[in-house]
Structures are given as C-alpha cells and as structure tokens.
Amino acid sequence: MAIPEMMICSMAREIKDGEMAFHGLASPLVAIAMYLAKNTHAPNMIYSCVAESINPLYDKVTLSTGDPALLRGATAYMTIPQAFDYAQKGKMDVMFFGGAQIDKHGNTNLSVIGDYEKPKVRLPGGAASAFLCMMAGRTVIWTTNHSEKTMVEKVDFITGQGFLDGKVDRRSLGALGLGPSKVITNMGVFDFYEKGMRIESVHPGFTLNDVLDNTGFELIVPEKVEETRKPTEKELEIIERIDPDQIRKVEFE
Amino acid sequence: MAIPEMMICSMAREIKDGEMAFHGLASPLVAIAMYLAKNTHAPNMIYSCVAESINPLYDKVTLSTGDPALLRGATAYMTIPQAFDYAQKGKMDVMFFGGAQIDKHGNTNLSVIGDYEKPKVRLPGGAASAFLCMMAGRTVIWTTNHSEKTMVEKVDFITGQGFLDGKVDRRSLGALGLGPSKVITNMGVFDFYEKGMRIESVHPGFTLNDVLDNTGFELIVPEKVEETRKPTEKELEIIERIDPDQIRKVEFE
Amino acid sequence: MKEKLLTLKEAASSIDDHSSVAIGGMSFHRAPMALVREMVKQTRKGLTLIGREEGLSFDLLIGSNCVKKALAAYIGFENLGLAPNFRKKVEKGEIKFEEHACQSIVTGLRASAMGLPFLPTRGFLGSDVMGVHNGRDLRVIDSPFTGEKLVAVRAIEPDVTIIHAQMSDPYGNTRIIGQMFEDDLMVKAAKKVIVTAEEIVDTDDIRKHPEMTAIPHFMVDGVVKAPKGAYPCSCYCYYDADMDHFREYLDLCRKGALDGYIDKYVR
Amino acid sequence: MKEKLLTLKEAASSIDDHSSVAIGGMSFHRAPMALVREMVKQTRKGLTLIGREEGLSFDLLIGSNCVKKALAAYIGFENLGLAPNFRKKVEKGEIKFEEHACQSIVTGLRASAMGLPFLPTRGFLGSDVMGVHNGRDLRVIDSPFTGEKLVAVRAIEPDVTIIHAQMSDPYGNTRIIGQMFEDDLMVKAAKKVIVTAEEIVDTDDIRKHPEMTAIPHFMVDGVVKAPKGAYPCSCYCYYDADMDHFREYLDLCRKGALDGYIDKYVR
C-alpha cells in the first residue's frame, strides 16, 4: 500500500474549508496535504507556512519546505513573527507537528532522547512547538515511524504540549487551542478520547495487532476498528502532480 | 529682520554631523532646518521624520510635514513604530518640539490651557512628546510666539518632559536623553544652566528688555548677551531653494 | 477566498453606533474620507474614535455629533490651525478626550495586533499624560528581569478599523503604496476591518507581487471601491491633499457653519 | 553616509572570540555562508550562536570548535537528516545548547530591536522548554491589567549580527528580496552588524525604491561584496540551494571527515 499517500490524504482531511493551516520545516507530507486540501474539499483554506508565504501557487513541492520559491504567486507575504502574532490571537486553526517521540497524551518530543543535559540523542529541537501547540486551534501530530520507540508511554522531554499529564486543563496554562486532534502514523490514524489516544482507523496493509504491537502504551480500541479510507484516483493524481519528484517518500527512507 | 530664517539657522546649528534628527507634523521650520544642516555642516546627519522617510531628496518643503512626497528619493522607508523602536534604543539624537506653553524648566504643553477636564483651550495634543522627550538624546524646543503667555513659570499640563520640577533626576524616571538643550523663539536662543533657562543670544531687532518683558519667569541673564549669528548668504540661498513657497512664514501669520 | 465587495452605504451601515472605530491615515493623508462622510450622512452615534495623529476625519465626525470619546496623540490641521470641532466639543465637555502620546497608541495597537493584553514601553514618566489614564490604560510596571520601571500599555482593540488604500482585490488582499501610517497595526488589532480602495484589482495582479500585499485577505471583512476615497486628503501616487478644501472647511467651521460644509460635501 | 566596505577577511576578523553572533537566513536559505567559512578559517573561538531554525552555518561552526553555546529552536537539515556536529558536541557535553522555541527567539530579538529589556508572549507553559531556561530568560509573569499568566522573554542582544543580502550600497542600505527570516530583527537587536551582499549597488539605485530598503545604512557597520555568499544555501532570485553539496557535507561528517570538507571548501 502507498503509505505516504495514505498519510497525506489523512492529513488533508483534517483541514476544513476556510481554515488557516500552517506547516513548518521538514514537512513535505504536510505541504502536499495542504495543497491537496486546497485543491479538493477546502478551496478557501488559508495556506500559511514557514516560507512566509500565503496561498502560494508553486508548481511542485520542494525538499525544503521553507524554500523561498514558495513565495511565487502567493497572495501575500507574511513573516514568521506576523504569523505567530496571528496565531497568538487564536486565529491559526490547524498546525501539523512531527514527533520523534509521541506519548499517549499527545505530547511530542523533538528535543532529546534521554536527559536534557546529557542526552543519548540530541534531536534538532521543537521549532515552533512550545508556542504553537498551545496557540493553534488544534494540532495534528505525525510520524512515519510507528514503533514502540516513537509511540511511548511518556516522552523524555515535552517539547510540544499535548494533554500533558492527561489531567491538567490546558486552558489553565493559557492554551488558546484544544490540543492534539489526531495522530497520523504510517500505520493508522488516532484520535483522543477522554484524553487517551484511541485508534480511529488502521491503514490497509496493517492489522490491529501490528498497531498494538508497535505502540509503547495502551491504546483505546473502539468496538469497530475502521480501515483508513484509501486515496481516490483524483487525490493520487493531485499528489503526483504537485510531487513529481517523489519527495513524499524521503521521510520513509 | 528675517525671523523665520534666524530661527531656522539656529535650529540647524543644533544638529551635529552624523546625528539622527527627527521632525514631526506641523514643523516646516524644523524640516527646513534639517535640510539646511544636511546641506551645510552636517552632510552625514540622518534625516528622519513623521513621513516615515529617511534622507528624502525632496524639491521643496511641504505645508504638511507628514506629506507622502517626502518619501521620494529617500534612502529608506522607516515606519513610525520602527523609528520609535530606534529612539527607544537611545539612538535618536535630536528631536524638535513646539510648545504652546514652555516653562522655565523646559517642560512643554501642547494639551490644554487650564484644567485637563474642563480646558479653557483644548490644544491639539503632544503627539510624540511624552515618549520622545525622554528618549531623544536631547530636545530642542521652539515657539514663534515668544510672550508671557507662552513662556510661563509653570506649564498648565506637562505634555513633554523637560527638567520637570528642576530637581528630579530625569534618569530616575527612565530618561535615556539629557532633556532640552535649547529653546529657540522668535526673539532669541536659550539654553539651560543648572536647570534654569538662560539667555544664550538675542535675535537682531530685539533687545534684552524685549526678551525679559515678554517672558513670564525669571530668565538667567549671562554677563554678556550675544546677538544671534545672522544667516549667511549661503544659508539664505539654501532656505530659499527648499522653500520657494515661503511656507516658513505660515507659523508667523 | 470569499468576495467581500460592499457599497459605501453598506459599509457605513455595518458600523454599529457606540462602537470603537480606528481610522487609518495621518493628518492630511490617506484617511478613508468617503466612508467617513457616509458615516456622517448615516448619523452614526456614540462612537469612540481611535487614531494617532488625526485631522479632518476626526473633526468632522466629532462636529457631526457622531462621537462620544476620542483616543489620539494629536488632532489638528498642522499649520492651518486647531481642529475647530474637536476643540469646541472638548471645551464644552461634550466629548471625552483621552490624550495619548503616539507611542502609547502604537504600543496599544501593537499589543492587540500581537494578541497580547499589554506591551511595555519606555518614556511617559513625568508627563501629565500618565495622569489622564490614571492607571487604567497606562500603568508603571517593574521589568521582570532587570527591575527597570517601564510603562505597560493596555491593548487597544477597535471594534472596527476603517482604512483607505490604493488597491485591493475583491477578497481584501490590499496594497498600500508609500507610508503605512499604522494602518497595518489598526487592521491587525481590530475585530472587524473595512478597506476602501482607489481600485479593485484582480487577484492575479496581487499574486505578481505578494510582498506588496500590506494586508492579507483573511484580515478584511469588507472591501469598497472608492475612487478619490481619501479626498481631500492625499492618496500617494494618486492625488495630493487639497489644502484649499481644508481651508474652506476650517473657515466654515470657525464661522459656525459646519452644516454648510456638510450640505455642500457630505449630503 | 560613511562608506563601510570590508573584505571577507576584515569582516571575520572584526568578530571577537567569545562574542555572541546572530546568523541570518533559515535552514538551507540565505545564510551568510562565505563569512561563516571565513570565520572557520580564522578559527574563531568560544562563540555563542543565536538563530531560529538553523542548519549548515551552525553545524559547521560547531564542528570546527568555534562555538561554546548555541541558542536556537531548531538545528538540522530538514529531511536530509540531523545536524551531525551539533548532535555530537551536545551529546558529548562539549557545547551548551539552550533550546528555545521559534517564538522565544523572535520575541527576544524583538525586545532588543525595540530597545526593551523584555517582551511578553503566550504559550510555553507545560513545555519542558521552560525548564531549560529555569527563569533566566523565560519567566512567568502576571499581565498587569488582566492578571493573565504570560511568559516574559528576556531581550536577546547579539554582540554581532551577520546576514547575507541580495544588495547593499557601500553605506549599508540593504535590500533583502523575498523572505526576511528575521534578519531585520537580528540587525536591529544587535550591537554590531555585518552585511554580505551579492551585489554592491549605487545609492542612486537604492533611492529609486526606498520601500525596498530592508535595513537602513545607519544600522550597518560593515558591508562585504560576496557574490554567491550564501552558497550552498539559496539566495532568492539569484540561486537555489545546492542539495548535493549538503548531502556531501552530511556524508563526510557522518564518516568523521569534517576536515576533508573544510580542506575542500573552506581553506
């Protein structure tokens, strides 16, 4: 099964028409998903991104999702500080974040494996996470590496806030947004039910047991586990058109 | 005697080469003085102004000193918020302020004659005064109407901070700048000596007694009262060139 | 993107009585005068006006009894003279004026544009402008790291911001040519935004120079085609300020004949 | 205006060991790489690097033992992989990394650019990023008017900011085409500024479009003519990022052969 396309389509479905979505660096799957959403069910979504561009008209997705080329054909130039100001007014609807670790409460870690001062692995850092995870209307978390090492009981370091310990009210910490709405992995799509992570659907090619065996905490399993909806012909065509160079596969290598 | 030119030349002399000077609205005398300074002794001064323009190359001074035309030929566009940021870093050297009332400690009033809540005269407001009088390296104050009503013992309302009560240390109130360095009127030029206002020079055509009789507080009179240096031919020529429409006379009408 | 074209009449009607309205432009320049005139015609009531350095837009609305309060750092006509209606109404106690300095207007708008309840500034201490606000909108604070005294400025969030620009597309992607005069901050700070524009252009034209879009479409609620919409104020690259018009206004107002001006230019 | 033209060598020499240096650009884009390489060649020591989302500029200086501390929100090579030298040096405890989020870098630079000791921001609470700063540079405050909890960010004032731009005149009037990437904030925040530029243009050209001057001359201390000065990073409208060069860098570093890279491209 074509997992990149499956993930892209799942991401695209998280964007509603008229909403503002934002992607950061190292996010070709998200960039393609945003393009896909805009060219299918969400023509009025506002595409904003780390390339400081609003509604770009680019020909094809770039390996760097901060590429200056994304400015061409945009309806506006909006700097990162300006975009963050707008997010701080509660007007950024959806933000997508990757996580090297993702825990059962939707917290993400892009900082360190191990101790902060003496890390086993120093990761690149969370970029906008600690800010936007509290500001965006909701966050969508993704990983292309669904495994016990990625999907963990508790992240070593909370870079991006999910539901934290699962008990605290995010609003009491100044959150403007609701927190993680979905986790999209190479194996399935997950949502949160009473602050626990729940299986929404499993991608074709994987079984429920694949998912459970590769998750480092107890997932909530619904009565009926759906299969993730497959990309349509039209969706695949749009994905291929915007990504002829197959950049969507880089993260799976 | 040509008082507008006398005042313009006195103002121009307050700008040192390399300094950043700023003018606001309703300031044709200042605009001409800055132009004059730049074209005589201070070629490297930085001309900044409420028209959000740096080093404009305008042909002639405009009746509105916030005229968009001042942007033409500028080396940079700098918004008011950006200019204020720069002032807040202590990097704006000289600012010129008019005053409907000016008191012996160099405080200025552009707000109200009488009580704030029930004013006898509601003046236009101090524009940038309450901020820039504390931020600018020094302020130069002017009036074209040197009289007992203008030059008062104590302003009815401190819009722009001078030396306040003459005792308080401006720095204890967060001032980055030294305060008023000169007061330039239609009758003379004044400086501050131990926080009292002192006659520096009297314009040709006026006597010391004219000045004293028209001042509502006790001026410090130096041993020798100088006559203000007259504009040179070159200065007059530059003034005429930049102000062929005689806008410099408007404030005297 | 959603089309947002309105007539002047519709735009003015969409501004509620008793709302707070930030007005773009500065002094004689690029104020949204056509919309202001329409507001006068529709006899808006009880408005709170917000601006930095203002002239005719404020004085006309004040003189026409549309205003209960104004926040600004300067209201006047530069070297043409004082603002006659502003002056008279304040002196008679008929409107309230909360005097700011430019920086507190800028800082309050910036705070709101940034989604913050306040921002700090330097300056102000020692000026009686602090007393006007009496701790309500300007308050002395200690800087958290350095302990310095700064002034906190409360966010200024206008109910509506109205500006005049050179160009907009039907969706609100707006170009402002030349000076910005904080129109961008007023837009970002406001709950609702109306743009009047000299020209309505195609989005394809907007896309040729995204860096020229001062205001992105999603910040705008209504777009009005209003050629000469800043007149008698200037509109950079389109027309200069008509100083004779301002002189006529001032002459009439000083004679107590604002009605004559309104009959001639507003109704 | 004063001419400020320097050679790359002079510019790099003017950056003191142990100073804090903010580096412009973002990720693979418009970092001042020619000047960074010259700094490596001159073996600067003990630098504190400041940036938001950084790649080769940081990793090369870190790998070359020029750095004692870094402040950033991201150091990596996007989908090409982790930053090998950054990772190794932090894991070995050889450099200190103060992890920020983008917004705290932006806010700290903004504070300094505005001449303020701090600025507030929302967010951050609940993230372990707060703990990294332990109240030193990020601190919870109560908003003065509303009582809300906000985070105060201490001003970030680099000793030196280095950026690469498309054009500058000899005095430092600098045009940046396309994305700004906070280069303007870094410049305004810094004590000293060096601009490298693809082209040195006449001031007469600058004066034709003042609105395109991203950085006015008086904020700049040194100007270096450096064609291809961002390479292998992209420079919008001049050249794209050379991804093969980045791949070569990463391959060599992963093999422990940074010296080979330096021999080939730096010395």
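Note that the chains are named A, B, C and D in the order they appear, and that numbering of residues resets to 1 at the start of each chain.
FYI, a residue touches a chain if its C-beta (ideal position, glycine included) is under 8 Å from a C-beta of that chain, and two chains touch if they have at least 3 such contacts.
Source: prediction; values computed, not measured.
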item: Fewest hops from subunit C to subunit D - one hop per pair of touching chains; value: 1
item: Comparison of B-C and B-D by number of C-beta pairs in contact, larger one; value: B-C
item: Distance between the centres, which are taken as Cα means, of subunit D and subunit A, whole angstrom; value: 27
item: Whole-Å separation of chain centres (CA-atom averages), subunit B against subunit D; value: 40
item: Chain centre separation in whole Å, for subunit B relative to subunit A (CA means); value: 57
item: Interface hub residues of subunit B, defined as touching at least two other chains; value: 53, 71, 77, 88
item: Overlap residues in subunit C, where contacts from two or more other chains coincide; value: 115-116, 121-122, 148, 150, 178, 211
item: Touch-based graph of the chains, sorted into line, ring, star, complete or other; value: other
item: Which chain pairs touch, all of them; value: A-C, A-D, B-C, B-D, C-D
item: Subunit A contact footprint on subunit D (complex, rising order); value: 26-30, 52-53, 72-76, 78-80, 82-83, 86-87, 90-91, 93, 97, 99-104, 106, 110, 121-132, 148-150, 178-182, 185, 234, 236, 240-241, 243
item: Partner subunit B, residues of subunit D touching it in the complex; value: 1-2, 113-116, 171, 173, 188, 203, 206-207, 210-211, 213, 215-218
item: In the complex with subunit D, residue positions of subunit A that touch it; value: 25-26, 28, 50-52, 63-69, 71, 77, 79-81, 84, 88, 111, 116-135, 157-161, 164, 168, 170, 173-176, 247, 250-251
item: Touch list for subunit A against partner subunit C, complex; value: 20, 44, 46, 53-54, 57, 71, 73-78, 85-90
item: Touch list for subunit C against partner subunit D, complex; value: 115-122, 139, 141, 143-146, 148, 150, 152, 154, 178, 211
